[in-house]
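Scrolling down, you'll hit the structures one after another.
Presented sequentially are two complexes of chain A, the first with chain B as partner and the second with chain C.
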Partner chain A sequence: MIAGRTDLPVLLPFRPGARSAGARRPGRGHALALVSGLVLSIGIGDALAAPGVPSILATLVKWTPLLATGFLLNIAISFIAMAIGTALGTLLGLMQISLFRPVRGFSWAMTQFFRNAPWLVLLFYCMLLLPFEMPIGQAIVPLPAWLKATFGLSLAVMANVSELVRGAVLSIPSGQWESSEALAFSRRQTLWMIILPQCVKRMLPPWMNLYAILVVGTALASIVGVNEAMTLTGDVLAAESRTELLVPMYLYLLLWFFAYCYPIARATVALERRFQVR
Partner chain B sequence: MGDSQKQAMDLHPVWEWFRWLHEATGIKLTIFYDAFDRARFWNGFLTSVRLMAICVAASVAIGVIGAWAQGARLRLLRLAMQGYIQFFRNTPPLVQLYFFYFALGSYLRMTTETGLSVPLVSNFAWAVIGLSLYAGAFNVEIFRAGIEAVPRETVEAAEALGYSRLKAYVFVILPLAFRISLPALNNNLVNLIKTTTVAYAIAVPEMLYVANQIWSDELNVPEMMNTLLIIYVGLVGVLVYAMTRWERAMRIPGYAPS
Partner chain C sequence: MTPMPWTPDQPLVRIADVHKAFGAVTVLSGVSLDVMKGEVICVIGPSGSGKSTLLRCINALVPIERGSILVEGQEVNDVKLDKLALRRKVGMVFQQYNLFPHKTALQNVMMAPIHVLREDKAEVEARARRLIRKVRLEGKESAYPGELSGGQQQRVAIARSLAMNPDVMLFDEVTAALDPETVKEVLVTIRDLAEEGMTCVIVTHEMGFAREVADHIYFTDRGVIVEHGPPKDFFANARDPRTQQFLSQIL
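On to the complex of A and B.
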């Protein structure tokens, strides 16, 4: 049969969606591959280890509760930074489409500045330039390191959300604006009741994508001395001081992040496909 | 010799103005009037730029090759590519770098004649490898999206003309896909430039690392931080400007893929 010998698509039997089958199929094997890498490295590490020390698996299990607390801090930082960043970013994004030129210019400059500054530099900025405690009224509120790091990260989130909002509003067909104007909606009403509800749907996938990037970014807080999962992993490695532990331990930490971010990434792709306008 | 003499004299009025600025207002920009700080900051700047340039080139190359591999007929290759992309996209670049530098680096060592154990791969090289792989994973996806946006008729026309898969990719699909993916690529490269600061964590003497040394010595944190922010925003601006120019130069008049 010709179809068996050729790779010319014209001669192949028609199969709908055949072209993208390989690349698009949801891979259940990724996490499995990572886990098997971990298992393999544990095996190699155990083989290299000096006799008499506890096995690597036992060591990983021993430190898991500690790592879990560290990872919880990562999640907490990401939640708070996302909340602050989204609130401020939405405001900034709406300012970017303001009719008043100075407001537009100011918010554009803010957005570009914080979007183009490296996250790590922003983190250092907040860590070193914010005070360790702040007087609010009568009370003195302490600002722990992790909170300052959260502010630093939320600045970056803010700028990205601002661009998302601007892009989403601009992507709404101008007919929506015109018809609501014809129906005598004021500008504010148009924005709140017609434009923004449609934007939410468009913004959701990129917003989730940003969240996944933020979670991955929280590991940066370890550089500025926050006791999150990465820092604790370093501490554990220092406490154990066994070189054969290095590869399994880092892989283990990578697996934690992967297990959290990968479902988000998959959900984002699924949502994107669902909202896709054909 | 001439260079060091010039640095020792250090009397150019522009530099002296910064010394005056410090004395008059307290704004302490030692990187301009102190020869030692200026030299090390300049070296840090050069290291950063070199790191950025190499990583940008390498990650684009990874993206082009990876996007081709994703459409390969070999199932194992496709799966491996998918695994690579998902792994690097969903884990922190910082932890990846640590993994490369501390974990893998601890095995890749060699002993010199003097009996010293030295790393086989320097920290700069690890930073290049780690960051290129990280950004490359995103680039593969970007190019794949671009390739899928190339009209099918064009690909079929190339096949009808007898192009092999590789030739069709190189001469027909890639040139078109590249133009489609440029805006997304632009975004990712900006991200890569910003992520190069992570190399700080494995002690690559790039700009942030050097700035940290300087502000520890001179106690001028706000000045150095603002300088850093301005320089990075400037560097990103240069990249964005170059990419937009390139995008305009590569535009095919009248060709707008739907």
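On to the complex of A and C.
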């Protein structure tokens, strides 16, 4: 038998430069396939269209400004949800490694609950349970639907970030804690000055990955009536009421999300590879 | 629990009848030894005989179950112990160096004095540079641990520990993870320290080194001290059969 080769289902050790068949790098082919799919669907749609209607391409161009405003809302939702989710999730993650048992138990339960809840359910609960306006001090602050949806998504992000933080802290070799202790650092100092700075590097790729998933997930907000890109696409289709528009229109929307998320995915892969070699 | 103040003529570290078990595994079963100020003692013995655990008990990284450890008269086996105060007096160097990989060599040395002792940054930096020169790593101040060899990292770890101005240094098999050619540079550094009068407790497998630097050698096996004595006697006329067997395997 040749050493290093086996038919058994084993996880091979990582070798820089080596690429397993299952984990191929995404290529530019994906983007090309999408664009050609769009072009093809436009062609088919145009061929099927009743005579005298404007071409599909012209229709897409006509609605692009509207879709863009909708997509901007998707981005805004993703930014805010990521910010809130990361802040709360970091806190929750640190609570998960607390030496105080009740704190650990509480944050563990919170994390598991929100991590295993479907995002859509969280969205519905936020829409139904949060009021449409909230008194803050003297002022009454309105809570528009998109903001409530953002809170719902934040909860999902929070739970995932909590697990990222916990996992990253536990992945730091115990010798780091030991030598910090021996140098008379307090636990808090050890955590903030020695452990967490090392965690940031480890957490960055999965955190970016989570963000890309969140961006795609913002389309869920259309189900609870937020006027984001997905909702607007539906509105446009209803207004045009041309069945041959259906496929190109949604492909067009998909392309928007793809163009935004794909570079993030590429950057994540690049970062992962760089950190793995060291 | 003697309220009597510690004076330098008493043992700096006094270990008396220390017992420790990890679950069902007994690691230390009644170890006693004294370390005087300025003394260098070496602890040798087969793997798993509790040497490393003993060191970790001295600076309260590992709690003990029974017995007493006095460091400068202060009881370590005390729930009210100020662990941070104890660890400021006791330096420790580990087998795996455990440098902070996100900090340069100089920053590794400076961190604890600045943040734990809250000393002035400029003073600490001057001292840190002096220590790095002392461990013969001049020019490596801004190198990250990942860019240094094992022996170099271990010498930074020694400097980092010395920067706290400890009264006693604990060395836990500090050359066990090193390439043979870099072992020597680390041992030379420790020997220099010992000659300057630093109190050292050294756990090691380097018998030649132990013979050279130690004032007193302790041989442990299965959680007890089997035999001890000054190096000359110890190596020449080991009486216990376990010691004889161990020495015959290693020398």
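In this text, the second predicted complex is superposed on the first by the 250 of 278 C-alpha atoms of A that agree within 3 Å, B and C clash if a C-alpha of one lies under 4 Å from a C-alpha of the other, contacts with A are read in each partner's own complex, and residues count from 1 in each chain.
One rule holds for everything that comes next: a residue touches a chain if its C-beta (ideal position, glycine included) is under 8 Å from a C-beta of that chain, and two chains touch if they have at least 3 such contacts.
Keep in mind it's a predicted model, so treat the numbers as computed, not measured.
**Q** Determine, for the superposed arrangement built on chain A, whether chain B and chain C clash or fit.
**A** fit
**Q** Just checking: does A:P197 make contact with chain B only, chain C only, both, or neither of them? Give me first, second, both or neither.
**A** Second partner only.
**Q** For A:F132, is the partner it touches chain B (first), chain C (second), both, or none of the two (neither)?
**A** neither
**Q** Could you figure out whether chain B or chain C reaches more residues of chain A?
**A** B
**Q** Quick one: is A:M230 in contact with chain B, with chain C, with both, or with neither? Answer first, second, both or neither.
**A** Once the two structures are laid over each other on A, A:M230 reaches chain B alone.
**Q** Name the contact category of A:F185: first (chain B only), second (chain C only), both, or neither.
**A** Touch partner of A:F185: chain C, not chain B.
**Q** Could you tell me if A:F275 is touching chain B, chain C, both of them or neither one (first, second, both, neither)?
**A** neither
**Q** Enter the shortest inter-chain Cα distance between chain B and chain C once the structures share a common frame, rounded to whole Å.
**A** Distance of closest C-alpha approach: 21 Å.
**Q** Return the residues of chain A at which the contacts from chain B and from chain C coincide.
**A** Chain A residues touching both partners: none found.
**Q** Which part of chain A faces chain C closely enough to touch in the complex?
**A** Residues in contact with chain C: 173, 175-176, 178-179, 181-186, 189, 193-194, 197-198, 201, 278.
**Q** Which residues of chain A touch chain B once you look at their complex with the stated criterion?
**A** Residue positions touching the partner: 7-10, 19-20, 22-23, 27, 29-30, 33-34, 112-113, 116-121, 124-125, 128-129, 212, 216-220, 222-223, 230, 234, 237, 243, 246-247, 249-251, 253-254, 257-258, 261-262, 265.
**Q** Which bits of chain B are touching chain A when the two form their complex?
**A** Touching chain A: residues 70-71, 73, 75, 78-79, 82-83, 86-87, 89-96, 98-99, 102-104, 106-107, 144, 148, 152, 156, 159-160, 165, 190, 193-198, 200-201, 208, 212, 215, 221-222, 225, 228-229, 232-233, 236-237 of chain B.
**Q** For a test of understanding, state which residues of chain C touch chain A in their complex under the given definition.
**A** It is residues 59, 61, 83-85, 87-88, 90-92, 94, 96, 98-102, 111-112, 115-116, 146, 157, 160-161, 164 of chain C that touch chain A.
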